[in-house]
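Data first, discussion second: the structure below is written as structure tokens.
Chain naming follows the written order as A, B, C and D, and within any one chain the residues start at number 1.
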């Protein structure tokens, strides 16, 4: 992972996951507001979105673990090197552990959507634990690195632990749209900050950053706030766009649910297009 | 900003904002208590107060950013000095970033007041984020300063982060008058403490303070508590005064709403007079 | 304050205040449970208890400030010694500041009991602030003392800040008897720990404690837990006793309220007797 | 306690307690969901489970204190060695203190189940305090040990303090199955981590661990996350199994309560079998 690509790949996933959450929760919120008091069942396309999300998380976690284990210089599922008696590639094992918990979160989302007897809130609990484990491992990751390196990774812990706290709160305060969009924003911030870390530690062009210069610490702190502003902006715009599209489509067809289904499809397409462009 | 005026200007704004919040929330509380169950629409003058607040915040943030960027020794919107390869005037950029988030908060207040579809609580979330960013930047601001300088700025973080937590809590516990007046008090405390920092670091008269003397640290800690007591006192008096005026006016005219509108005008005038006097 | 008596006096006050809170809140809880749905007014003797509490706090705070200022070696209300340009007796000023906030808390209790228009929860907020200020000043008090001295004062901060958090929570979760009795227990713990600090730093008999011995730190940590157990025991016994007495008296006279009034009087007497005995 | 057995014994208790809590709370949850609105009394077998739990905790705490005090090299209830003037076996006294608080928790569970007048939530409060005291004593236990030793004990504090916070939250959010199962998982995690600490510090076979090697710190951090995953898995499986058995039994007999009683018995047997196997 010690290169630009190793930070860009998780960064892209978190960016897209933030946008996805913004779209999903806006649609859910719109449906909650518009629903007649009598009908309580979640519409099929919202359930399908949950399956897509959970399934994708499980798939991505599986791929991530496989890649970390079986790349050329990976541990190949060996934990201890018997000849030297030392641990084999702990960094790859740590990343695998992180992916494992996101896989568990995906599995939990599928289960809670599928069965009625699953307890509400377990899906958010598992997201919270996945973020907690990520932050927990990163926190003990930072030992004896240069100042700026430590600093940019410490800043990464802000959206990670804030996200964990936010998701834990959603166990109790379910269906609060402000909390849900804030969590989407924190995922987006985490993603864009991964890109920034890549740029700082492994610049694609230009001079290397001086890792011991205090001015660089001050700049990255400020830059983090700009990322926060951009994350809030993108999530707000996404949410507004979804709202607008849903209203136009459902206004034309005089049928909220069909309208939303169409919109969902088109916004998923839009999302895929965005993925291609990046 | 490294002089008395640089601390007095933000201090004055925060002092006035604390008083303004106390007036606004007392009026809102009075209206909530007095309203007939049937009428749920916010009266026009309360909405107007929100627009004034949001508009002023946006205007002040814009002016603040412009001043920080284009004063004589400012960065003039340049971030990197290409000749030396170093950052240009990071302090001014940091202040600009703080103002930006208060500007966003002002914008959000206007939007949530204007449109019905905006989610309740986003205005408080944006205030919370503005305070968080302020405290966050200040926290990494304090590196390698003399002891007393670090200490008085650390004390500043108490009302800043307490205010951020308070505003975040208001996302969920809306219309709780105790929380709202406490936030007003924390803004007032922040403002008066800015003045105190100015007095300690750049005394207008008398001898310089010994920045390494432990007795000065002990005194400023205690002095901070006195500021807290004064902030609570001023906010309580303001709130009581507004209550008293609203009751007298609405009692005379037998019309709560017109009474409140008059009071609001007069108290706004009073506020403006206070501004002139300072 | 640097002697056994200087720790025993505040200790006694906090011990008694813990017992008093346990009695008051048990009576309030009993009254809440027994009240008919129609009658919502707090009975006179419960209000009287609040006045007694608030009035006593104001009186004690006033006496405390006067004593701290005008003892033989006190600051006599002078803050700066003009001849040497140094602060005068900052320790006494800090203690005066702590008393001031407890006086404000007493004042707030009287006001919220007296007037209907005062916002519910302000009384608990002021108790929370008084405890916060106490802990805040103690925290910056501990600079460069010997290890054991720092440790026993740090342990004191546990009931102080836990009490502040508890009282703040009561602003929102009012009339929760578990929270209220826990706060009573925390006050009792604080009181008994003040006595322990006195014993450790200024032993009345026996050898001096070695302030740098790690075993003493380990013992005091454990001893703190024993104090906690004792505090919980005393508060539980007090609460049970009050419950038992109220039930017997109200059972005899077939009149809950008169019975409670009598009980209140007798338990106040019992409290005074306890005070005499100590 | 400084051997493998000294960590395996408390570890086993916490493992079993986690499983027990999962079974108990799943049964309670099932009963709450299935109960007719009219019948509010807790069924006898659920009460019996509480008595068993509370009684066992008191018994185990008593035995634990006795063992700690009267083992061959224990303090034999002496606190001060008068000849040398030093404390006697503080470690044993600290463990006795921890057991005392779990004994108090057991006592409180019995009392709150027995009497109606006991305040709801006191049982959870006492569990929270027991965990807090455990973590509090462990925290000051870690002075001047080798790096890895400190680290594995610090990790132990995560489930301890998270459990304390969780139990405190349950005082207010009672009967939330997600919180209850999470607490069960945290107890299980604590138990399995006790075993891991025993393995790391006193390996039964193989080479000693290098207590100063940073790679070992990194591995144990990751290993802790695996324990978390396993704890969540076991608790989920246990809860699912109980659900499944209850449904089958109650489906056959057409009588929910008898069915649950049978299930409870059989699951208790299963639990005992598990105990034998370990």
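Basically, a contact is a pair of C-beta atoms (placed from the backbone, for glycine too) under 8 Å apart; a residue touches a chain by one contact, two chains touch by 3 or more.
Model, not experiment: these values are computed from the prediction.
Colleague: Interface check for copies subunit A and subunit B. Shared numbers divided by all numbers used: above half gives same, below half gives different; which is it?
Modeller: Subunit A and subunit B contact each other through largely non-matching residue numbers.
Colleague: For subunit A versus subunit C, what separation do you get between their C-alpha means, in angstrom?
Modeller: Using C-alpha averages as centres, the distance is 47 Å.
Colleague: Calculate how many whole Å lie between the centre of subunit A and the centre of subunit D, each centre taken as the average of the chain's C-alpha atoms.
Modeller: Roughly 33 Å separates the two chain centres.
Colleague: Which subunit A residues reach two or more other chains?
Modeller: none
Colleague: What chain pairs are in touch here?
Modeller: A-B, A-D, B-C, C-D
Colleague: Which of the residues in subunit C come into contact with subunit D in the complex?
Modeller: 173, 176-179, 181-182, 207, 214-219, 221-222, 225-226, 228-229, 232, 243
Colleague: How about subunit B: which of its residues touch subunit A in the complex?
Modeller: 85-87, 90, 93-94, 97, 100-101, 104, 117, 119-122, 125, 129, 133, 136-137, 140-141, 143-144, 171-172
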